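Here the structure is laid out as structure tokens; the discussion comes afterwards.
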Amino acid sequence: MAKKRLIPFGLLKIPINRELFQVKAKGVGLPPGSLIHVGKQKAEKPVINLIDYDQTHFETFTDISLDEVVACRETTSVSWINLSGIHDVKLIEEFGKRFDIHPLALEDILNTHHRPKLDEHEGFCLIILKMLFFDEEMQTLETEQISLLLGQHYVISFQELEGDVFDGVRDRLQRSSGRIRQRGPDYLAYALIDSIVDSYFHILEKVGDKLVQLEDQLISNPDASMLATIHHYKRELLLLRKSVWPLREVVSQMHKETSPLISEDTQIYLRDLYDHSVQVIDTLEIFRDTITGLQDLYMSSVSNRMNEIMKVLTIMASIFIPLTFIAGVYGMNFEYMPELKWRGGYFMAWGLMAGCAIGMVIYFKRNKWL
Amino acid sequence: MAKKRLIPFGLLKIPINRELFQVKAKGVGLPPGSLIHVGKQKAEKPVINLIDYDQTHFETFTDISLDEVVACRETTSVSWINLSGIHDVKLIEEFGKRFDIHPLALEDILNTHHRPKLDEHEGFCLIILKMLFFDEEMQTLETEQISLLLGQHYVISFQELEGDVFDGVRDRLQRSSGRIRQRGPDYLAYALIDSIVDSYFHILEKVGDKLVQLEDQLISNPDASMLATIHHYKRELLLLRKSVWPLREVVSQMHKETSPLISEDTQIYLRDLYDHSVQVIDTLEIFRDTITGLQDLYMSSVSNRMNEIMKVLTIMASIFIPLTFIAGVYGMNFEYMPELKWRGGYFMAWGLMAGCAIGMVIYFKRNKWL
Amino acid sequence: MAKKRLIPFGLLKIPINRELFQVKAKGVGLPPGSLIHVGKQKAEKPVINLIDYDQTHFETFTDISLDEVVACRETTSVSWINLSGIHDVKLIEEFGKRFDIHPLALEDILNTHHRPKLDEHEGFCLIILKMLFFDEEMQTLETEQISLLLGQHYVISFQELEGDVFDGVRDRLQRSSGRIRQRGPDYLAYALIDSIVDSYFHILEKVGDKLVQLEDQLISNPDASMLATIHHYKRELLLLRKSVWPLREVVSQMHKETSPLISEDTQIYLRDLYDHSVQVIDTLEIFRDTITGLQDLYMSSVSNRMNEIMKVLTIMASIFIPLTFIAGVYGMNFEYMPELKWRGGYFMAWGLMAGCAIGMVIYFKRNKWL
Amino acid sequence: MAKKRLIPFGLLKIPINRELFQVKAKGVGLPPGSLIHVGKQKAEKPVINLIDYDQTHFETFTDISLDEVVACRETTSVSWINLSGIHDVKLIEEFGKRFDIHPLALEDILNTHHRPKLDEHEGFCLIILKMLFFDEEMQTLETEQISLLLGQHYVISFQELEGDVFDGVRDRLQRSSGRIRQRGPDYLAYALIDSIVDSYFHILEKVGDKLVQLEDQLISNPDASMLATIHHYKRELLLLRKSVWPLREVVSQMHKETSPLISEDTQIYLRDLYDHSVQVIDTLEIFRDTITGLQDLYMSSVSNRMNEIMKVLTIMASIFIPLTFIAGVYGMNFEYMPELKWRGGYFMAWGLMAGCAIGMVIYFKRNKWL
Amino acid sequence: MAKKRLIPFGLLKIPINRELFQVKAKGVGLPPGSLIHVGKQKAEKPVINLIDYDQTHFETFTDISLDEVVACRETTSVSWINLSGIHDVKLIEEFGKRFDIHPLALEDILNTHHRPKLDEHEGFCLIILKMLFFDEEMQTLETEQISLLLGQHYVISFQELEGDVFDGVRDRLQRSSGRIRQRGPDYLAYALIDSIVDSYFHILEKVGDKLVQLEDQLISNPDASMLATIHHYKRELLLLRKSVWPLREVVSQMHKETSPLISEDTQIYLRDLYDHSVQVIDTLEIFRDTITGLQDLYMSSVSNRMNEIMKVLTIMASIFIPLTFIAGVYGMNFEYMPELKWRGGYFMAWGLMAGCAIGMVIYFKRNKWL
């Protein structure tokens, strides 16, 4: 999970999401393909689950050993092997040996700060994606890396943690509803990626709701804390963008390159997936435009309010300054001040002051400052 | 119709259009091709109309059942089937079965938050577009999704609501004027899209008028409410843009890809349509530039006005501050203040004050601050 | 001519050019190729002129009828038919019939809000361009649409008004100087477009002069009116840009596509023309950068001036505020104020005040605020 | 040389460089290929110099006539003909006839406001470039157009003025050092262009130094004059950019197009040249980013300083305003004011005032405004 | 090392990194391929080291002469020749002769201000890259140019200074671990570039940490010094960008062009390297976005704070100005002021003042200014 802290900002707290600044930094000079786990250990113990199915049979194995997994490799049925917890480098290495995975691919799987991408290797395809979760309490996005290995008869998914967005796929497999049981691992991989993209829509929906709330608040009652909130969402959108933009390329690559692992029947579904990822990006860009617009609106409305206050001061000061001066003049203690002796002097002074004040008001009115 | 509310902004109301934030969020884990209606139910009951024509005959059927529609499929005449009200998933599914429509296409038709696009399927083409209406009262744009299915002998149009921009096309069909009766369904599809693009011009015309009004008001009498109005139109343009940009791609795709469904004779019309959609986008971008310019002008003119007010205060305060000080000095009550005893002391004080004031005015004049 | 008004802006008038907001809006539902004149009727009555020439002969016909024009079609000499005044839809339709012009092309010719473009049709090429005129008095750009039809043996030019930038071409034809009489209609079309591009340079020259003036004024004597002037020129440049950018595409298309109507000899001239249009765009972009720079400079210089004024107030107020306070203290009427009785009390008070003032001045100097 | 003036800007002078606004405007309607000199006449009298060389011989002719030049054409040795002073249209025309130069090329040579470009013609290549000089005194860039005609056995260079950046090339030719004497005219053209690009580096170096100075000054002692200076360098960079960007295209074109005039041996040098021109552009863009950063820094530091000053005023005013009010109260002349009679009234008043002041200071401290 | 100075900025020091402004400026007119060292001499004396290895043997030679190096050329084992200190032009020239290096390549090696690039020459490939070091004390980036010559059996690396990021590679060579000893010089070159890219990740990590610190500080305690710090990091990122962007092109070129020097086995590693360089750029762009966001946040929070202060002044002044005026009025010395004689006059005055104050407070509350 991302490092987060609550930091006082004036009178309010904003959660700081450090995810954006995380960069992979494996030891300098390590040879390429060195297996090092980069990122936080999120799961306690790696757990391997296996779902093996074809059109007619369906079996689930929970928390099995690697040897049991390999046993499945012989069959022509589709095996979906899921590993939760990728910090156990030994285990990953073992996986690599049993399934002939190139060391560079293993390195990428272990590095949880990787950019979404698709690599074709001999005999398998590596797809790296980000699962996103929206933490309602902290209003932050959590990212979890998921790597899919698409092989001839299997899909292996590597997750950081148990708990994912694939329950729908598991249901469909079990219920044997729809196409999924009649198709190969390429369709399974598609179904998994589709689940991830669908979950992005959910996150966009939540962020969209927040933006609406923000706009309401900004219009009805703008205060200084909103600036930090705007800054916060801007960064969450930056993080979302970082995960989503490369996804589009990944899907487009799957759609265009004619890997022998992806059957032609699945192509039409990939096109649909591509449309969805474009839609996610479109919405994201509109959100970014909107939040920039909100910032502008905030700045302008703050400055408008400031101006109004300043105007009041200006007008009051401008009116009273000469009046106070007149009062000051007749408060002088000179012995010979003829006006002071006059019977109506006091009222004359009032008249003078009233005249001044009225003159100023008329002047301001004429200039439309009042 | 889009969710809208009136929200107080300082002393003014701006309508908030939530359309921009709407994202599709079908249930996570549902298999692709699951038929779920996404969006608001706008029509009460789906209504199917059918227009069947060729060069010599023309027939209209109103509010018919699906079975009656399918009967038409056998003929070689062109059938335009229009369905208003797409919330009835069962009906759409039935449509799908009778016309051999791919489930992914049906899913797209049902999802009213879709991005305009063109998908070629076997035997038919799916074109998704947005109809736009300008709500004069609220000054907001309403969008309605329209999906066109272009087949060998038919065009099916799926609308959310009765009431569209196609009355002109219906007239031309009935009057048998122009080319339309001599051509196939590809020309009909073109004519429908052309009507939609034409309606965009009408909306641009209205928005353009509003911008002119806005500019007039901004120049003659800028006030704080204009900021919200500018923000409002900016968002309407964003919404317009969201619908129009993909449209261009759709038309370009139709023009370039040589689908067997689109005859060569229709190509020249598609090129013309492409020109029109480019023109819509051009105008849109100019409007966006203009509105940004208006915002700048507003900010500057507000700040100019503020500056003028501040200048008056500054000058008045700077002149009166020393005068008031002098008056204060001679208002002190020391027993031994020689000036107070002087016969001309009072007039000397006036002279001093006048001198100060004149000096300040000269100083300001020289610096061109007055 | 464009709609224009003089609108008070503070104390100054700026002409408003509505051209930018004009959008074509032909009636919804009209079939494509419907002939409707879009725009203002500028000429009173359409006038047809004809110049017929080849290497050896040259003839001019003024204000002739369409029948006389068609008579010329038989010859192999080059005919330049010019129609001023395109509001007469009937006449244009007649033209279309006689010269076999596609209805879509006719529609484009009649729509004076069209974007510059090049369409190749069977037997002819349609080129739509904008002539620009700079109205010195109003400081605005006027646009006039010109459509060129390039056929096998003729060029037809459709103008909105009599009066154009082609007098040079007519001269050269008459004087039989240069290449023009030895070449075909493609060279004539090139010569006409070249004249238009040349006229753009003239307009750029004038706008450049205005920018220089603006900069001079801004540096020597910036006042509030300049903001509106800057805004005005920004929009004129936007309008210029709208006409010039598509022009480049048109020329590039002519240069690259090998239409049978354009001979290879003319290609080298088109390359030159392309260079010129690129240069126009380059200059335009530099002007836009410059005007943005001017706006920045204006805003900064206004804010600098404001700051200076504020500084004076601040310093004066800061110095006099404590002095006035001291004077106020000794103006209090308490019965027992020992200082008042002192012989040197008055001078002590002066000393105190002088000390305060000097202290403040030193403090300000040290902080470099003075 | 460019038009320049010294214009007062507040208290400082900035040189205005009009070069940016210069646009070619040859007479409307002149036929293409019309020979008109566009620009200022810089040289008094055109001077033709000739260097004729091959591997074994080297000859220099100074201020010769055109006839003598043509005599050289017969030989197979390489001739570098240099013409300084291109205002003499007759002479250029004569050149054109003798060397079979296309009129459009001659027109381009005569128009000194041309954009850098490369045109391939039959038998020769025309390369138009800008030489830049940095005027130390005025801190402005001077541009001079140079056109190179690369033919089978010759290079003709057309300059506006005597004095160029080619002395190094002349030296190398004379000393017969390096490859230059063993190669053909294509290598000579390359060497000339290389000299020009090298001179750009010198200019960048000088501008870089100025930016460093500017930054130093801005950080140590920002004043209002810097704004104008920043504006000035921004425009010089704009001018530099206008000359340099097209240069890259020219070199890239030379490198990619396989003209028979450019031997394969020279290609590797052109690639190197291309790298250099990319580096010039890179540096230029970094300079532009930097100067924008400086402007931001200036604006912020000015506004910071302003804020500090305002804060002082605010705090002083806020503290003294209530104090002065108290003093005013006890300066009132009511007959029955009990406090005035109290023995300790005066000290009580002082206590009250001190209490107020201390309270305000504590309040400000707590809010971290002090 | 880059020129750096500490310059007072208000009350703080920021280190100025001049690296960005450095441009190559070799003497004008020098022939291409002239060998001149451009940059600062960093090492005292050039040192040549050699590592010679194949699958079975491994030898290291330290500080050897060029003759000894050349002796190695005969063998088919892989030689990694490293030269630290490139200011000795003679030595480089000698290298060039012995290894048949093109003079242009030598020129590039000597010019330490070069842009990262890849040039294919006959028999070898020249790769120019930047090593970056982060100077913790000064918080600046140091760049050092490194040129790799990849030949048939050797890799030559030219460094400016001893000390690099290749210790990991040396270790792996010595330990004979991994693939490196079984592969050719292309894999060695890859390993070296990979080390450099890995070191960029370390720098990004450090810069990321600084940005986090900056953000913390900005939120908890923004002061004027932060502006300079933000400006400083912006420039460091600009410098980083200047080195990293061309790197991506270099790696992409290596990956795509099929040079005979790069074996197919190495391609997969280059793809991985390309992914890494894309990730570096992605992170860099996010940092740039973030720092821009920080600047915005800083400006807004400063302006917010200013506004709060101004509000206090405004409110205090607005309340006290009328009160002071009232006190002034009753401090006038007219003989006939009826109120002064009233028994309750003094209290009436207090009441009046209290009324005024309360009225103002209510007014402000109602306007939500308090």
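First chain written, first letter: the chains are A, B, C, D and E, and each begins at residue 1.
The working rule: a residue touches a chain if its C-beta (ideal position, glycine included) is under 8 Å from a C-beta of that chain, and two chains touch if they have at least 3 such contacts.
Note that the structure is predicted; figures quoted are calculated from it, not measured.
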Separation of subunit D from subunit A in steps, with touching chains one step apart: 2
Contact-graph distance - origin subunit C, target subunit E: 2
Rotational angle, Cα trace of subunit B fitted to subunit C, multiple of 5°: 70
Inter-centroid spacing, subunit E versus subunit A (mean Cα positions, whole Å): 26
Inter-chain centre distance, subunit A versus subunit C - centres from mean C-alpha coordinates, in Å: 42
Shared interface positions of subunit E, touching two or more other chains: 308, 310, 313, 317, 324, 328, 331-333, 337
Of all residues in subunit B, those that touch subunit C in their complex: 165-169, 171-172, 177-180, 190-191, 194-195, 198-199, 201-202, 204-205, 208-209, 211-212, 215-216, 219-220, 268-269, 271-273, 275, 278-279, 282-283, 286-287, 289-290, 293, 296-297, 300-301, 303-304, 307-308, 310-311, 313-314, 317-318, 321-322, 324-325, 328-329, 331-338, 367, 369
Residue numbers on subunit D that touch subunit C, as the complex places them: 7-10, 14, 16, 18, 20-33, 102, 104, 107-108, 114-115, 117, 119, 121, 224, 227-228, 231, 234-235, 238, 242, 295, 299, 302, 305-306, 308-310, 312-313, 316-317, 320, 323-324, 327-328, 330-333, 337, 339-346, 349, 353
